[in-house]
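Look for subunit A in each of the two complexes below; its partner is subunit B in the first and subunit C in the second.
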Partner chain A sequence: MLELFSFGEAGWGDQLLQGLLVTIQLALTALPVGLLLGFAAAGASLSPYRWLRAIGTGYTTIMRGLPELLTLFVVYNGLGLLLNSIVSSWNPDARVELSSFVAGVIALGLVFGAFAGEVLRGAFQSLNKGQMEAGKAVGMRPTQVFFRIMLPQVWRFALPGLGNLWINLLKDTALVSVIALDDLMRMTQVAVRSTKQPFTFFLAACLIYWALCVISEIVLARLEKRANRGVRRA
Partner chain B sequence: MAEAVVLKAEDICKSFGSLEVLKGITLEARNHDVISILGSSGSGKSTFLRCLNMLDPPTSGKVSVHGEEIVVKNGHPADMRQVERARQRLGMVFQQFNLWTHRTAIENVMEGPIHVLKQPKAEVKERAEALLVRVGLAERMNMYPSQLSGGQQQRVAIARALCMEPDAILFDEPTSALDPELVGEVLRVMQSLAAEGRTMIVVTHEMSFARDVSTEVVFMHKGKIAEQGPPKEMFGSPKTEVFQKFIADVR
Partner chain C sequence: MDVFGVFAQFWPELLSGVGITIKLAGLGAIIAGFLAPLLALVRVNGGPAAQVPLRFYISFMRGTPLLAQMFLIYYGSGQFRPFLQDIGLWNFFREPFNCALLAFVMNSTAYQTEILRGGIMGVPHGEIEAGKAVGMSYVMSLRRVVFPHAYRIAWPALGNEIILLIKASALASVVTVFDLMGQTRAIFQKTFDFSVYIWAAVLYLCLTAAFVWIWRRFEHRLSPHIHGKRPSLLGAMTKRETA
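This part shows the complex of A and B:
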């Protein structure tokens, strides 16, 4: 059975490894996109301006209400059409192709951002106002108060929630296999179809996804420990 | 010769919504003044202190630091850079200490001089260490605030204010959040600051500090200054009925 997973012509080892790399690449690219969107959404929903709050709340509410798969289809098909109609109004001969990787990054980033926006909003609201006042009182600029006081402290409240979202993101990457991106899920399906060994390959995929989650949890635990420095354990 | 005026507040009014907290406060702090502001809770004394460094900008009235007026329009400072410059010269010590929880004691003290005043790190570190030694925390420099008692945290907070080398320090009820047995250690530090001629404005409930350490006492009542003068006169022969009653109640 092991030869099924060997590398080279005979086995599926190299294909699965390639799929795994695509999965990891996709998740690691969608993460910063999603985090940025999350911070923007949290900032918007905490803003003193009503129209900005409306945008922030609208984004998080709508995105969280859509099935991830649907979001992916809308981005992959809809955004491609939209881009093409914009481009062709400039130059009728030009065509743009939205690659399935980019569509995956955008869709997964949008979903992550909507949920992260809510997590971060709560985290910012949990900060002690006195911490920021002490920064202002020594004459810090608003950007310094944000980057030197709020941001280091906000992770403490946000990391548990963001960690959950990251694990969801890792698993949601499997959805992009439906738009023909050769991630771990799709490579597994290809292997199953060709070898007629569903149990073996699906079990292997399970173990790989599970291993990714375990590694993530170890890293997250370390990050949380760092974010909690200086805070007394209950 | 009269000392230079460090901080001047003229006719400060402050409202929160329809609630009028300050109804025209005028006060001047000259170099080496130690001004104690007394008053029952709700008299507006903390709000007044927070008006001075624009944490709560006044609704009307003028605040000047070294003769430079901080311009406030419609309840907001017109120029935040100007406010930031003023805050660099006015230290502040909070009732709840407000030490940055993610930084050690010495990092708290070094933060402002390095990142706001852009002073060289080695120089700041030396000064921060000397200040922490001075407030009696030589052994605790690398501890996080959560590992320190309230009195120790407040002494770090005082060192943090001092390390900015401010022209005046504002104290907002610095001992009110402390257990009674920890009040003394903080008051002793404040007393030593007064003795070396620091300009201080102290909102406090500590009668002994107001009477024995300060050069001037201000008694606030319902958003106004009810009585003001040197501590000896104020405590020896209080003129207003409200202040007489206040002293009697506190005793």
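This part shows the complex of A and C:
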């Protein structure tokens, strides 16, 4: 049993490890994309302009209501078609292929951004307005107010919600195996096909994902503790 | 791209997909909805022998991708085929619909259990003591005091969980179930017309919007004293509880 997971020629350990690295890479690349989109969405839905608010709430509402798998296919196929039609207008013979990694990063980032937008909006709304005014009163520039007063507290308020979203993101990376990215899930399927031991290998994959989530939870608990240092508790 | 042409040609397939999606998510939510209150009681009152395995189960279900759970059931059952054939369960596991449904039930049960546990723990202790004081048995106080209040607390979170389940049901298309997502993928592979994805998005949004509307109405009926609406449809039930 254990030799199935050994490294080298005999086992599938190194293939699974490779897949795991792709999964982690994908999640870590989609995270900043999603966070940026989330800040943009939160900013848009809190803006004084009506059209910008409409874009912000429209994006978060629609994207949160769609299945992640559908978003992935829309990005993978739709963006592929779009890119090809743009390229072929220049050069009719050229073809481009959207890599499944890029499609995965965009789709997962879009989903993360929509949910993060709502979390961050709530965090910005729970800031104490008097503190921002105090910052202005002592002569801080708007960027200073943002980075010294708003951001540290938004981070504290939003961290639990963003942590949940990170764990969802980790789990959603498994979807990208459907568009043929060689992540942990797909490498597991490859191993299943040649060993004919589906239960053993899918269980192993589940345990690896589980370990990732448990490690994330531990790190997140530490981050939260750090973000809340100096805050008086009831 | 022929947005309306695609719908005119393929609406029967898309609607049958919507039907399967409703069946998957609906059955999954309902079956999990029967299991979750029992497990939630174990989570609140059970001894360590029952708590520890239940905690592991919930942590596993929440810490692994639903797609992996579905593969574990659908493909994984093949590893035990002779055994499953012996006990007559192989016909169940051969159907992708059943495997997807089983995965959704197991997953949703874990989430709903945790949500209901929160609801039960949110019931003020005085209410339970009052029930005891007027001579209610344990089961009766559960039925008349604990669960009615726990469900009122947990209702919005349960709604969120069911929306997640509606969205997650799209995963069934990966194991060849022809739900809305499955039909959409099949139509795209036939036509390479992107607009079918737009229709799928519209239909999924309609599904969740309709569900949110229904769920809100029930919420208002469950707690008319909070929402200030007169009960009508389930009037008899809620009136007796609030009287």
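Please note the rule applied: the second predicted complex is superposed on the first by the 231 of 234 C-alpha atoms of A that agree within 3 Å, B and C clash if a C-alpha of one lies under 4 Å from a C-alpha of the other, contacts with A are read in each partner's own complex, and residues count from 1 in each chain.
Everything that follows uses one rule, which is that a residue touches a chain if its C-beta (ideal position, glycine included) is under 8 Å from a C-beta of that chain, and two chains touch if they have at least 3 such contacts.
Only a predicted model underlies this, so the values are computations on that prediction, with no experimental measurement involved.
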Practice prompt. With the two complexes superposed on chain A, say which partner A:174 touches: subunit B (first), subunit C (second), both, or neither.
Written response: second
Worksheet entry | If touched residues of subunit A are counted for subunit B and for subunit C, the larger one | C
Worksheet item: So, does A:152 touch the first partner subunit B, the second partner subunit C, both, or neither?
Response: first
Practice prompt. Tell me which partner A:199 touches in the superposition: subunit B (first), subunit C (second), both or neither.
Written response: second
Discussion item. A:138 in the overlay: touching subunit B, subunit C, both, or neither? Say first, second, both or neither.
Written reply: first
Practice prompt. Show which residues of subunit A both subunit B and subunit C reach, each in its own complex.
Written response: none
Discussion item. Please output the residues of subunit A touching subunit C within their complex, sorted ascending.
Written reply: 62, 65-70, 73-74, 77-78, 81, 167, 171-175, 177-178, 185, 188-189, 192, 196-200, 202-203, 205-206, 209-210, 213-214
Discussion item. Which residues of subunit B touch subunit A once you look at their complex with the stated criterion?
Written reply: 53, 55, 80, 84-88, 90-92, 94, 96, 98-104, 111-112, 115-116, 144-147, 160, 164
Worksheet item: Touching subunit B in the complex: which residues of subunit A?
Response: 128, 130-131, 133-142, 144, 148-149, 152-153, 229-232
Worksheet entry | List of subunit C residues in touch with subunit A within their complex | 59-60, 62-69, 71-72, 75-80, 163, 167-171, 173-174, 181, 184-185, 188, 192, 194, 197, 200-201, 204-205, 208-209
